[in-house]
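Lettered A, B, C, D, E and F in written order, each chain numbered from 1.
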Amino acid sequence: MIDITHYISRSALRQLVAAALDEDLGQGDLTSDLLIPDDLIGSASVRTRSAGVVAGLGVAGLVFQLADERLQFEQHVAEGAACEPGQELATVRGPLRGLLRGERVALNFAQRLSGIATLTAQYVAAVRGTRARIVDTRKTTPGLRAMEKYAVRAGGGRNHRRDLGDAVMIKDNHLAALARRGIGLVQAVAELRDQLPHTVTIEIEVDRLDQIAEVLEAGANTILLDNMTPAQLRAAVEQIDGRAQTEASGGVSLHSVAAIAASGVDIISVGALTHSAPALDIGLDMATED
Amino acid sequence: MIDITHYISRSALRQLVAAALDEDLGQGDLTSDLLIPDDLIGSASVRTRSAGVVAGLGVAGLVFQLADERLQFEQHVAEGAACEPGQELATVRGPLRGLLRGERVALNFAQRLSGIATLTAQYVAAVRGTRARIVDTRKTTPGLRAMEKYAVRAGGGRNHRRDLGDAVMIKDNHLAALARRGIGLVQAVAELRDQLPHTVTIEIEVDRLDQIAEVLEAGANTILLDNMTPAQLRAAVEQIDGRAQTEASGGVSLHSVAAIAASGVDIISVGALTHSAPALDIGLDMATED
Amino acid sequence: MIDITHYISRSALRQLVAAALDEDLGQGDLTSDLLIPDDLIGSASVRTRSAGVVAGLGVAGLVFQLADERLQFEQHVAEGAACEPGQELATVRGPLRGLLRGERVALNFAQRLSGIATLTAQYVAAVRGTRARIVDTRKTTPGLRAMEKYAVRAGGGRNHRRDLGDAVMIKDNHLAALARRGIGLVQAVAELRDQLPHTVTIEIEVDRLDQIAEVLEAGANTILLDNMTPAQLRAAVEQIDGRAQTEASGGVSLHSVAAIAASGVDIISVGALTHSAPALDIGLDMATED
Amino acid sequence: MIDITHYISRSALRQLVAAALDEDLGQGDLTSDLLIPDDLIGSASVRTRSAGVVAGLGVAGLVFQLADERLQFEQHVAEGAACEPGQELATVRGPLRGLLRGERVALNFAQRLSGIATLTAQYVAAVRGTRARIVDTRKTTPGLRAMEKYAVRAGGGRNHRRDLGDAVMIKDNHLAALARRGIGLVQAVAELRDQLPHTVTIEIEVDRLDQIAEVLEAGANTILLDNMTPAQLRAAVEQIDGRAQTEASGGVSLHSVAAIAASGVDIISVGALTHSAPALDIGLDMATED
Amino acid sequence: MIDITHYISRSALRQLVAAALDEDLGQGDLTSDLLIPDDLIGSASVRTRSAGVVAGLGVAGLVFQLADERLQFEQHVAEGAACEPGQELATVRGPLRGLLRGERVALNFAQRLSGIATLTAQYVAAVRGTRARIVDTRKTTPGLRAMEKYAVRAGGGRNHRRDLGDAVMIKDNHLAALARRGIGLVQAVAELRDQLPHTVTIEIEVDRLDQIAEVLEAGANTILLDNMTPAQLRAAVEQIDGRAQTEASGGVSLHSVAAIAASGVDIISVGALTHSAPALDIGLDMATED
Amino acid sequence: MIDITHYISRSALRQLVAAALDEDLGQGDLTSDLLIPDDLIGSASVRTRSAGVVAGLGVAGLVFQLADERLQFEQHVAEGAACEPGQELATVRGPLRGLLRGERVALNFAQRLSGIATLTAQYVAAVRGTRARIVDTRKTTPGLRAMEKYAVRAGGGRNHRRDLGDAVMIKDNHLAALARRGIGLVQAVAELRDQLPHTVTIEIEVDRLDQIAEVLEAGANTILLDNMTPAQLRAAVEQIDGRAQTEASGGVSLHSVAAIAASGVDIISVGALTHSAPALDIGLDMATED
């Protein structure tokens, strides 16, 4: 069961949402505060305007709750559900002033997270039937990483390490630095294993097949195969032969991902999931009758 | 001269950047902290990988400065400049460990803001020769509104009100609420003018031409013409005849915007500028020699 | 209906009040914590000791609620009401320890805000029958601006812009700077109109009648007439003739304000409302019987 | 030597000043940001407009420093100095934009604190030649207590306890509570002495002379003589005869304070010092030449 | 009645506990979040594993409440109670996931505070029958001083001043500084009495008997007798003869404390209470049946 | 090279230290602020008073720097060095007032961290010659976990996972919960592997030898052998035979640890390192001459 609280604590989520409301409110809602009495009740439907996979409705609900604790938010579809255009996702009912105050922020969260889930679901569908899992990267929106990784999961993807302190990834720049220090990969990994907690895993990037042997000797848990063609990936997977997990990255698009997955890699990481997903169009339709 | 400090104070910007670094760092950079000596020096180029308008390089520079205050960041192109693929935008030089620590966060900011500037520039180009200004909306990323509005400016756009406390906007939901209170628009605007500071302006939304007369009578400063066809817009502009500013919104895309602008409206607001701009591809190339 | 939440969000208000309680509590109430059992119940009346207009009773109520959530606060007069000496404004009932802990802070807020409302009401009364509205300035207590502007409204005044980001005000120092840049007022205002959101208004200060023509040509929304005599003000109002709003400032006192208002200006701004209002004497009388 | 850092830490002071600047800045200085180039240099004099004792110039200096770190602030008179109308207190020189940005906040602090110092100095002068020290109370502006107590010192006064955790003060409400518990004052003080650190002193309020004997028996360090006439105070001082310090409070004004002091009390506490001091009029005069 | 809220406000305590939970949670409980359904209910006993005096159970209860507000925490023994090994101190019942999430943090608080209470109780027992009170020092864990001083009280000790702003303590380094300024102790104390609030007490350190006469002349409220033998302490107590309180410090251990107390000093301060108390072993036993 | 910034960011460390200074300073240093002129210079030596391994001198240096930025701190021994009683660890020189203000907090940090390093070094020495690494646990001081884990490293130990989000640890309570769900360990681990990032490792606790086979089948990376005798541990190590890492916990003391290590386990975790290490006695000796 996907649950956003596995990604961000309730209190951190509240802070994020409260900050977003403050950002949108500024010095107060000049329009509604004066025109709409505090006791005027209304209701509205959160509704898709195009097809997609929804995520972040719970966040939207929290927005309304923080905008006015008297607002009732009822969610009609599960996180991660694929929805039709015009489908009703949730209903909000309560003081109209708070409802209007929360509207924009609630939609801003839901649109973005649903956009990510929708794009992820397209990648996941494209690799169905292969062993590959689609995972995210650290190319996320500053401040929203936890939420965006949650949205990737809602779309059927899996997550890569969350941050630099989660796992070791030795990339080309690190290898260059090791070369300048005159230290080989085998020694470097041995040093890391000695220094780090026994719970930490090590992933090493290669961009040529001839690097694989040393990486295996060093004892990497995962080998990142960067910017390789499907043919190179297939050769790499064969050479590694289960002695380490394999991850493909670079040049991944909805067009190329199936071929990449067919190479037999375990993991495909896709930056676009979080940095270039267009928002899913979601709107709020006020009920004409209360 | 566009300047991000007109949008966000230096201290708020530092907080945002520091929080983004913390988010990416987690419990410390397990890889670089152990493999790369603190005194190993390197340099790198920030470079586009596709064409676009850049914004947020100053933010990227601040990221590096906060990652390690010894890092030198030199920006080679102005904010808002249109760049070729492969163009060098900036150089960073200093301790390699800090450079790697800042890399991802710096690019995350620059890619997103440049993506917004690039899309904005396309809209602005599409309406060139008309009187219309392209403006943003409140459909921004939670937590990043100030920055994103800055990026719109860097792309040649202009800004709408920043938040609910900036100016009055009376939309359909407010009109419905007024109807339930039995109060007409003329009276409502009079009440607002009496209560609010004399510096506040009032914008009122209409979605039918027959609403315009009452809005003019009420004395709106700006009339928001929502979801109208170019022909309707043209009729509206004629009817209003300079007695209020005119803004078009709804159904605006790169395909439709020129026709909308040709109707003679003063302002066109575009949500996609901030909610659906794909990231501009920007990378960091480490120098092989120090 | 005047409502403090139109000036400051509930959460910001709570923070302000909680900080004030912490400031007064220090390391704990050495006296009451040890002498007064947690379950000793009492009640008290908040009462004026001199005549005035009350404001901030709701803030006082919040103080008591944060001092001990079991305290009941019942407000007997509306915000903005004119009260007799000795009038009971509110009753507090509940744990005596919390009641004593909140007493000083609650009164500190209520006395100050009521002091402002009282002085404002005197200015408003002095201009009754003219078209002039009495407004506040930015000469407020650091940290309490939102509350103090609310108190001005409670006293029957209106508000000027809240801060530097609310509206443009071009004062003498800006004019001097423009002169050094070799730019005229007409061009400067045109630049501002091009750069700023269309929702922003522009006010320009003059201290001589011969400056008015250029300011009108530049298209100011409001003209600030600084340190003028009533005769000069009258001449200015005539010359402007409704083409811009008019505001008088400088040399305004309870003695001079009626004459200033008689000149026909729309707005009179008074710094003393917030920087020199003496506290209204308000006390807390403990009931001898519980 | 009076030093504000004995009242508030440098970092807390910076936070307070930064928050005040943010409060006044809002979303940025719309006027100066666009009209005044970042490199335009100017200077200005901080000057009294009426006579008084100045305090808080250092705070004003910090405001300018935080508004723009390139601003130079030179203070010409010492904190606590008595000044003539029109006297130059300080000079500020540097970027004009930052100078304008800091102006209002700097003056707001300096005017308020100087107002307090000025009123305090009047009280101190009124009791010159007696043994009485003028002290403040907890009737301070929420959020500014430390600063305001500093201003009282700058005006020649002394301070009472800062907050509820500083020292024990047993007032009438505590006595009433003790009565309801069936505990006498002697026993109550004994309990307090047993429970509290040996460094804590105890002050007890009386409003009748016949209460003094018990308070002395209980061993109060200070006796607060509340709302007594000068004659009663004199009798109380005689009866106490140096066995405890004596403090007078209630009904203290510039008219009554000399008579109160003549009674021989050690301490006179005055709420008006902080809750009703009018601002000292201080302005900023821009130099016409740079 | 000892009450932790006399040492730290409820909100500060919540912040401390919430921060501790965040520190332990990191990016979420990878194990329980996935393995334990949100609605699985369980219960557990908080139980000593060795004998000691308990303190901080209320803090542990708050930990569980903040870990999951549905958890019920029932405390079975009073703060400050002496407990047997294996004694049940409290029961927790509710969602198992939250229970596991709070377990470690709750025990970390309870073990540390109970360790302090246990050691304090041993010192207090060792001086029973003398006039000496055992008090703590400022040698506390950074961030936890308020709690640790509470634990000392729970163990039967008393508290010294909480921090540098609580009371004056003139130590050898201050005396050396005075010597360099050419100022004697009598003058220094007179200066302090003139400058400081009348509520502040003064303690002066001596490490030789021949210093006592001057300290008494200066009028110290308390004399700190540092690193003296019991014989020296006895001589000091005789010489001081009730004209000031006496405090012994230095070289205090469970072995030496009785002899020190027998010298007749009023106060014995012990750094080890807070800097070297071993944790009391407390565990959480899950019920096998729900 | 051990470096505290691998455990806690510079900014987080500054916040921690600044908060500790604030905690100790209260409302200002009443004694030194008045007695010691701001320009009085002094110097002091940080010195051990008993033998031990030092850690946290850098933190002490930061304390002095934040107490007064003019203070110079020179460290004479490396973190992790074994020191004699009376050895000079560092010198501080600069304004005496700041030096006194920082003294207690600097020592509080250094004493605690050095106490942990000293105890760790004793455990590490006791297992020398075996394959076992001594690691810490989550039984740390709330708020100081990062620092304390650093101190363990300074003492020659290694670290376990930092928090619940670092790695999976399936303990007896989780197994009980799985039993209630009717899910076996093999299935549970498969579920976790499917859901979690590929970088996460899994450790499973057993307290009987007959549980090991299932744990190996499930594919644990590490097996936690809880509360086993050395003989049982040896049997477990043999059975596991390198197919997983082995960790011993429970009943570990300086007396038992050598025998435990001799069993051949890879890791021994010791709660006492952080919850019961007595402070190392470290003092500050002021120079008699400047």
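Structural remarks
Note that in this section contacts are C-beta pairs under 8 Å (C-beta built on N, C-alpha and C of every residue); 3 or more make two chains touch, one makes a residue touch a chain.
On a predicted model such as this, the values are computed, not experimentally measured, just so you know.
For the two copies, chain B and chain F, the CA superposition rotation is 120 degrees, given to the nearest 5.
By the residue-number overlap criterion, the interface of chain D with chain F counts as different, with under half of its numbers used by both chains.
With centres computed as the average of Cα coordinates, no chain lies farther from chain E than B. Annotation: the C-E interface is duplicated by B-F among the options B-F, A-B or D-E, judged by over half of the residue-numbered contact pairs being identical. More contacting C-beta pairs link the chains of B-C than the other of the two pairs A-E and B-C. Taking the mean of the C-alpha atoms as each chain's centre, chain A and chain D sit 54 Å apart. Distance between chain A and chain F, defined via averaged C-alpha coordinates, is recorded as 34 Å. Note on chain placement: the centre of chain C and the centre of chain D lie 23 Å apart, centres being C-alpha means. The residues of chain C that reach two or more other chains are 25-28, 34, 162, 166-167, 195-196, 200, listed in rising order. Chain B contributes residues 3, 5-9, 11, 146, 162, 166 to its touches with chain D in the complex. Those residues of chain B whose C-beta lies close enough to touch chain C in the complex are 133, 135, 158-162, 166-167, 195-201, 203, 221-222, 245, 247, 266-267. Across the complex, chain F meets chain E through its residues 16-17, 19-20, 23-32, 34-37, 40, 42, 96, 100-101, 104-105, 107-109, 111-112, 115, 138-145, 162-174, 176-178, 180-181, 188, 191-192, 195-196, 200, 272, 275-276, 278-279, 286, 288. Interface residues of chain D, counted against chain B in their complex, comprise 18, 22, 25, 27-28, 33-34, 38.
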